[in-house]
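Look for subunit A in each of the two complexes below; its partner is subunit B in the first and subunit C in the second.
Presenting the complex of A and B:
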């Protein structure tokens, strides 16, 4: 009993989100008869207050207090969870603001969407904290089921429905395979606790059987982070979903997937080897498995992105490629890799959501997601073109933008671990990626529009949103020191158990 | 008493049947039924291991939770299938190919 009470005090961001969720659901019921505009504003306001509260409390909790297990060792409140919580809150806040400006969601009641968004945000935190096989599966499914509904939110829209159906079928098969793997792992070790799994695996060599189990589990995690060959849903779902939901899927669940990946492999499949390094246990070479996933994911994402004509599809393949880059850092087998992934995600949040913000604002005036429809944007709105340029250069990883810092963390960790060949493949991939990002910019700046070219006007909210997303990308290098201090906290994950 | 291997043979067979169904069926509802087979094969594993491993009750709790989650997922999936049917008047996956490339 005292364990539960004590755990609740370390559980404040999640509790605030749950409170806001309850208020949103009730307020949605009581405002059904009011005009759509006023009820939507009210609900957006409540959800925003809840998310801001969660952001502030999770920021205060970051690095404060010792790492400790929560709720009978279902969750671990350590630096890794501490670093990921603000990332999830920031993502949801930006997505909520994007939802207010999206043309696709205009004239739609948003109460349920906001309830789903708050649920997923809390569930992402549970994913990032789980150190028990049951909790990993439960939180992953909570995130999945709520995101299926968010993707299919426009129930009269054919593409939204089709995307949602594809998502749930791929998702159910992947998590089903993962569940089968988890059940076999439970049979091998006789325990559901990750630290118990590690202890049981350390006692014997399981070899190929364990590798088979790990491949099944990698299917479930790979589905969440959109790693090849479990990525087939990604381009279709990103294209069909309402764009703010696409933006959310490209950052939130991907980040949580990496948290689960780190916890499962670094805590459950390896033991601390001193100096922040870890050594795999159980006789299965999962480092090789992750390296293969990383190489396939990067290469496939970047090459397929070259062929795209729809900007949402292009960003889908680009997000697959970024998942591959982060997977490289997961192969490092030391806490440097964990910090690299945390730092990469913190920066990726701003650059990727920024690109989606431009896509949403452009869609308001062009009504299209085709790259060709961006022709002549330089004349129509230099501001939007410059903002898109900054986000795309940041995604490319070109200094002085923040994306360079993200890439630097990953490549430094990979090279320090002696995986030079992997870094070479990563650099080659970054060069390929530059082609398709520049292609979008070329259309915006050089191509001439054929029809009339009225100048574009944006509301104050749009400008504020763009500024908030641009500033971290431009000034990222100045805040290198603070980013380093904050993400360093994630390295404490090996202290428990 | 039935030895552990027999349970594992059945669950492996169910898992394979489920994967086979997912890969070959073109009707969305049939695919959902195959997915249920995959979930239940894992449940058999969990309960069987829980029975045969000394002092490990966790597997039975896990199986209960899996049943709950599978019900949620089936409810959501059928709602999505219904919603798609209202728009396109069929649930054939080969024809749900507006999104591709």
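Presenting the complex of A and C:
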């Protein structure tokens, strides 16, 4: 019991989120009869305060104090969790602000949505901290259930319902596969603790049986990060969900999925081999498995994105491609890969949410998500066009934008690990990606608009949001210092156990 | 003699579970499928008894057979036009489906045969509820609490989904 009480002090961001959740639920109950605007503003305010509190406490906790296990070794409060907590908080804050400006969510009561957002943010942190098979499954399932509900939030919208249903069906199958894999793993090793699993695997070779288990578990994780061939839900769900939710799904659960991937494979399936490197145990070649996933995911995401005419679908395939790039870094088998993934996610957060912010603001005027509806945007709003240009160039990985830094970290790690051929495939993919990102820009700048062109007006919130998202992309190189802080603490991953 | 009877009951129950689970999938009448699910869940409770998990067996009967299935049956029976609902199940892609299912089955059999599961004879396991209770407020306190958060949002989500369609504010 004293262990649980002691753990609470290292559990502050999650506690704040749960507190905010309770307040939002109660406040939602008491404001049912108030006008929609005032009750929504109040609830948004409460949720925002909660998320900001979690962000501040998680930023303070970053790199402070020794790594230590929490709650009888259910979670590990180490550098990896430290890095991911602020990423989740920032994502949710931006998504909350996007939700306030989204036309799709106008006139809808947001109480449940905010409660779901707070829950899912905390659940993402539990995912990133899990070092126990039960915790991995439970936190993943909490994220999934909350995500299904957020996707289907617009109960009067047919597309939103369809997306939610597809998401549930795919989610049920892949978490089922993962759970089966986890239970087989428990049968093989006799323990639920990841460090215990590693110790048990180190003693004997399990060969093909273990590989099968790993494929099942990779299906569950691959579903969360939208890696091919577990990506089929992704385009439809991204298109059907309310756009702020799409923005959230493209960053939050993906980041947490990578945290679980790193923990499961780097801690549970491998042992430290000195110098920050790790060596797989148990006789299953999971590096090859991840490399195959990376190549398929990157290539499929980029090639399919070329054919898209809907900007949400395009960003869906682009997010699949980015998952592939990060998977490349996961094949490195040393903390360099962890560092690259953490840095990539921190930057990806700003560039991808930025692109979605532009999509949401443009939707307010055009009422459409088709790329063709962006024709002539350069004349209607140079500001929005320039912002989109910056986000897309950053996603492409073109210097001097931050996306270049992200790609550079990944490719450096991959090449240093002697996986040159993988890096070559990655570079070829990055070249393909440039085509479809430029296509969007070409429509915005060169194509002439047809029909009436209502003027674009921005509120102060829009401008503030764009500035917050653009600055890290433009000045990525200046933020090197804080990025280094992020990557340094991720090095402590292998300290525990 | 006793082990013979025990094995006979085990294989009988296994056949019941498999048969009724199969009927749930291929059956064309939703109400019949729901009743077949009762049999499948009940058979699983018997497996738990075989494994010495008395608490789980009780929970399985109380929660799945008693609670969830009754709700499911209510849901099915309160739905309009349930009897003339044309369920399309199992009619598409029979051959590839059967092939991949057979392949997965063969793979599983092979893996279950080849892996050393470290099984041991636990003897008479005795009642388990006390140790489960201790674990839930001890080592597994955090998963226990997180499960309550999961149930909370599931509850909220259910309320959200049944709210009248298109009711805006």
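What we mean here is this: the second predicted complex is superposed on the first by the 496 of 497 C-alpha atoms of A that agree within 3 Å, B and C clash if a C-alpha of one lies under 4 Å from a C-alpha of the other, contacts with A are read in each partner's own complex, and residues count from 1 in each chain.
Assume a contact is a pair of C-beta atoms (placed from the backbone, for glycine too) under 8 Å apart; a residue touches a chain by one contact, two chains touch by 3 or more.
Treat the numbers as computed from the prediction; the structure is a model and nothing was measured.
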Partner chain(s) touched by A:156 [first = subunit B, second = subunit C, both, neither]: both
Touched partner set for A:116, first subunit B, second subunit C, both or neither: second
First, second, both or neither for A:166, with subunit B first and subunit C second: first
First, second, both or neither for A:176, with subunit B first and subunit C second: first
Contacts of A:212 with subunit B and subunit C, given as first, second, both or neither: second
Touching partner for A:139 - first (subunit B), second (subunit C), both, neither: second
Which of subunit B and subunit C A:4 touches, first, second, both or neither: second
Touched partner set for A:187, first subunit B, second subunit C, both or neither: both
Those residues of subunit A which subunit B touches in one complex and subunit C touches in the other: 134, 138, 141, 145, 148-149, 152, 155-156, 184, 187, 190
Touch list for subunit B against partner subunit A, complex: 11, 15, 18-19, 22, 28, 31-32, 35, 38-39, 41-43, 45-46, 48-49, 53-54, 56, 58-59, 61-62, 65-66, 69, 72-73, 76-77, 80-81, 83-84, 86-88, 93, 96, 98-101
Residues of subunit A that touch subunit C when the two form their complex: 1, 4, 18, 25, 36, 70-72, 74-75, 107-109, 112, 115-116, 119, 122-123, 126, 132, 134-135, 138-139, 141-142, 145-146, 148-149, 152-153, 155-156, 184, 187-188, 190, 204, 206, 208-209, 212
Touching residues (chain side subunit C, partner subunit A) in the complex: 107, 111, 114-118, 138-143, 146-147, 149-150, 152-154, 156-157, 160-161, 163, 165-166, 168-169
Complex contact set, residues of subunit A against subunit B: 133-134, 137-138, 141, 144-145, 148-149, 152, 155-159, 161-166, 168-169, 172-173, 176-177, 179-180, 182-184, 186-187, 190-192, 235-236, 239-240, 307-310, 313
